[in-house]
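Just dropping this structure here.
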Amino acid sequence: MKLGFLGLGNMGQAMAGTLLRAGHSVAVWNRTEGKTEQLKSLEGARVATSPADAARNADVVLSILADDRAVLSVALGEGREAEPEPLIGGLGQGAIHMSMSTISPALSKALAEAHGARAQRYVAAPVLGRPEAAEHGQLVLLVAGPDEAIEACAPLLLALGRRTHRLGFHPERANVVKLACNFVLAAQFEVFGEAYALAEAHGIAAPTMLEILKDSMLRPEPLASYGERIAESQFEPAGFRLSLGLKDVRLALEAAEAASVPLPFASLLHERFVVAMACGLEEKDWSAVGRILPHKRAA
Amino acid sequence: MKLGFLGLGNMGQAMAGTLLRAGHSVAVWNRTEGKTEQLKSLEGARVATSPADAARNADVVLSILADDRAVLSVALGEGREAEPEPLIGGLGQGAIHMSMSTISPALSKALAEAHGARAQRYVAAPVLGRPEAAEHGQLVLLVAGPDEAIEACAPLLLALGRRTHRLGFHPERANVVKLACNFVLAAQFEVFGEAYALAEAHGIAAPTMLEILKDSMLRPEPLASYGERIAESQFEPAGFRLSLGLKDVRLALEAAEAASVPLPFASLLHERFVVAMACGLEEKDWSAVGRILPHKRAA
Amino acid sequence: MKLGFLGLGNMGQAMAGTLLRAGHSVAVWNRTEGKTEQLKSLEGARVATSPADAARNADVVLSILADDRAVLSVALGEGREAEPEPLIGGLGQGAIHMSMSTISPALSKALAEAHGARAQRYVAAPVLGRPEAAEHGQLVLLVAGPDEAIEACAPLLLALGRRTHRLGFHPERANVVKLACNFVLAAQFEVFGEAYALAEAHGIAAPTMLEILKDSMLRPEPLASYGERIAESQFEPAGFRLSLGLKDVRLALEAAEAASVPLPFASLLHERFVVAMACGLEEKDWSAVGRILPHKRAA
Amino acid sequence: MKLGFLGLGNMGQAMAGTLLRAGHSVAVWNRTEGKTEQLKSLEGARVATSPADAARNADVVLSILADDRAVLSVALGEGREAEPEPLIGGLGQGAIHMSMSTISPALSKALAEAHGARAQRYVAAPVLGRPEAAEHGQLVLLVAGPDEAIEACAPLLLALGRRTHRLGFHPERANVVKLACNFVLAAQFEVFGEAYALAEAHGIAAPTMLEILKDSMLRPEPLASYGERIAESQFEPAGFRLSLGLKDVRLALEAAEAASVPLPFASLLHERFVVAMACGLEEKDWSAVGRILPHKRAA
């Protein structure tokens, strides 16, 4: 296919390389020029002079940029550092912008509208994985948009990813899922950090703690089965009573306080368990603590 | 071996049964009597009349009770509902109390001292796993105490568990690790709950969200490698810059706020990323957010 | 003086009325027209047809609008619902825009630049107080900008406020102070709510709790003297030791947990005290907990 | 009256001195002896050899000790460092223990029972105020217990305090109120600290910030009227809409993030506002955020 590719950070370079090696012709563009060096020697590569230039005659333009501001500038020409010739000015009718950046759902929705107003097509396809995965076509792709547009991109999805999750028509949903995934991963950093801090304050080395966690709580099995329980709000019968879970979190906090170790998330978790008690869930499975967030009453 | 077994909740029953089937003779005791019904028909079982009775002539007495108060009462005869004949009164010199309850490290330490004062031995051995795992000898055992005492218990550890983690001489360390493990697991409930809430508010079903998480963030590989990075405080080179991580958590919060979905932990996590920025870590790997808790200055 | 006035919500109406009664001539404008009814009968009032119309020939245009988006639209003509004739198009050279809305410091800074580029002047003057205070010229005004511009506005500041706090040249600083003030007030709502929840769960009515607080903790004196201690980081000698403060917050949380009352802020406060302990502050005055936030290392 | 006085920390010394100067005879006791030096020269003072000795022949014994453990030891002779002759062993029938320490409500209740079982009387009377206030009889006293017992203590309450708040029959309620008061005060430390951090990061000195707060948000009037609104759950009509309050807290967080200033409580407060939005309160007064804690369903 004839492709444009905007954004040659670590991820972008790896992805553009993978697409070139898969036989596509790719017009690459990056705001700072040095980044195109490595790619331009590959067969099928062309260095474009602007986002619009990369888009002209392309079937699909892929973009993977740092943040909302960069996307506004490059795709729409908006903002203080806007590109003089943005993507939207060069993309042909019926051609597709496949946006792979981690951006706000609101912007993703706005992009869909802006492209739609010019009879261009828009697919959101944020990715999970590191540059090495991109290099080997092993990304996980979260894709949402009009079916025919996604299907037109199938060869690209195949080249880049080990798996594609289709998330329906509304492109912003793919962006929401990406943000939720990154939250889940970043949350683990704090969880690890607090578990290590508690352990270390009592003479247990962090690698020992990790070894045990890998062998127990962090194995796929308990995670998956608790994940299902919570997804389905299935908290009876209780495998472990919520009131006992509260007790255990309290004991962890007490052991931490005794060693002057602050555990911000464990403190918050304790408070969530008390909320669950206030909701009358003490006899339910302790995972019920995951389902006590208030929901807005539908209008 | 000749064993006593105190506490026949779901876990205790399954464990006592496993020990009986492994050929040990076991004097079982529970505060409320009904719980002994199923076990007493098994070969080798005897129903004891008190904790002390269960302990007399035993090589090892295992206990798995609800909380600190129950252990104080049953093992030491302390508190308002104290057992008139507690374990400590019946246990012979050199005999071992293997305490498998999830209790405070402080109590575990106190138990070690109380038993030591009577020339009895004490091993802390809290367990990870559900009753079904206990039934099939598939628990993970966290064990700490004097080496010879632990070695004397080897046949029991083998019968009950698929793996034993040795945590050194200080018994309370096993209890700290148990609490840290339960914290890590309970933390996932909140993480799942918030990821689902964010997803659902934008039209994505929780099982879809779970499916993607199982396929990405919650696979053993990223968890283990981030766990190692954080354990070793190895944050360079950055796989993903911390300042970008902050941006992604902020975007998640904005998407949540737009849908009136409160995400308490994500809010906290955002604050932790800002702390990391204040510490000058913006160019480090985003997992550095896990290592910014203050440590008490050594005296 | 010849004035323009943009934004006739509850605050705006009261303020515009006060200025008219003080003898100024005021061209009032509001996006939805009904709001001008009451004012237009007052002597000196004129209903303007656009923000630019209100600005033409005015010495000073005051604006008090709902949020950043409204200000962008009305003042600069930016955004999807932008006014076709924004303020900036009508304001004369040397004339002043006095922006009284609660907006982001970033926008305030951007407004100063935009007006400066047209040789117009900009003063930030967000206000503290309710519509009734505006009605009686009893507002507190937070003012920042070029000295001569502020001095030119002196008659207006006098008419509207019981006191003006000058915050220097950089207009955005007035906006930061306004946000900090609103945070401090909103924080009290959560503090009251948690104190009441704890009290009520133990049979003490909220008005009783309030009565005692008004007679003790919330009197001007302790607040001011603790406020000074923290401002000056003066934590020795300790009036009340931080380690005892930690104990008291812990007791409050325990009493709350016993009654299944979640206290989110008290939980967080407990964690802050543990951080302070980890920083070695246990012998300092308990107010030292207010000075443990990390500061970014200067470059 | 004939008094015993247990605990001669800074508060205790000042209070015992005030009682002696008021003409009472006081048998003082402290675990470490040096603390009695200053008092024993005063007319009417006697140094007791034990808590029980201080109690013998006394009408009322006042105690003000560091924490639950000290009270258990001194009053009941319980715990590892228990006094050999505790208060309860020396106090006569009908004599009164007036407990002024900041202790857990649970212990206060237990003390009432223990004394009652020996036909002794118990009054909880924790105090608000500093040693200087104690010196000048200007404490605020929170008193609960049987009416006749409290009335018998009237001369002491008069000598020590500028005001007594009666909190009914259940002594533990006085302790709950004391904990709630200390929470409210300690909460201000974090609030001040975050307001200062936000201000300082933008070039505004903390004393300037304090000056403005003293002149506005922290004056008795807004505090009292918001305190009443929240106590009475009176959130209509809205003086300031909750959705605007959410916006302001968000703007404060954004301004803080831009300067790498973490504001833990402001983050939490933002989350509370989102909860309030999820509860459908966007049109209510912003103080409604103080009344969204879940309450346990009555059985």
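Lettered A, B, C and D in written order, each chain numbered from 1.
The rule is simple: a residue touches a chain if its C-beta (ideal position, glycine included) is under 8 Å from a C-beta of that chain, and two chains touch if they have at least 3 such contacts.
Remember, it's a predicted structure, so these values are computed and weren't measured experimentally.
Farthest from chain D, judged by the mean position of CA atoms in each chain, is A. Chain B and chain D have CA centres that are 36 Å apart. As a whole-number value, the distance joining the C-alpha centres of chain A and chain D reads 48 Å. For the pair chain C and chain D, the distance between mean C-alpha positions equals 31 Å. Shared contact sites, meaning residues of chain D that touch two or more other chains, fall at 260-264, 268, 272, 275, 277-278, 293-296. Viewed as a network of touching protein chains, the structure reduces to a complete graph with every chain in contact with every other. By the touch criterion given at the top, residues 66-68, 102-106, 128-130, 140, 142, 163, 165, 167-168, 170, 172-173, 175-177, 179-199, 201-220, 222-224, 226-228, 230-232, 239-240, 244-245, 247-249, 251-252, 254-255, 258-266, 268-269, 272-273, 286-296 of chain C touch chain D in their complex.
Looking at the complex, you find that chain D touches chain A at residues 264, 275, 277-280, 293-297. Of all residues in chain D, only 246, 250, 256-257, 260-264, 267-268, 270-272, 274-275, 277-278 touch chain B in the complex they form.
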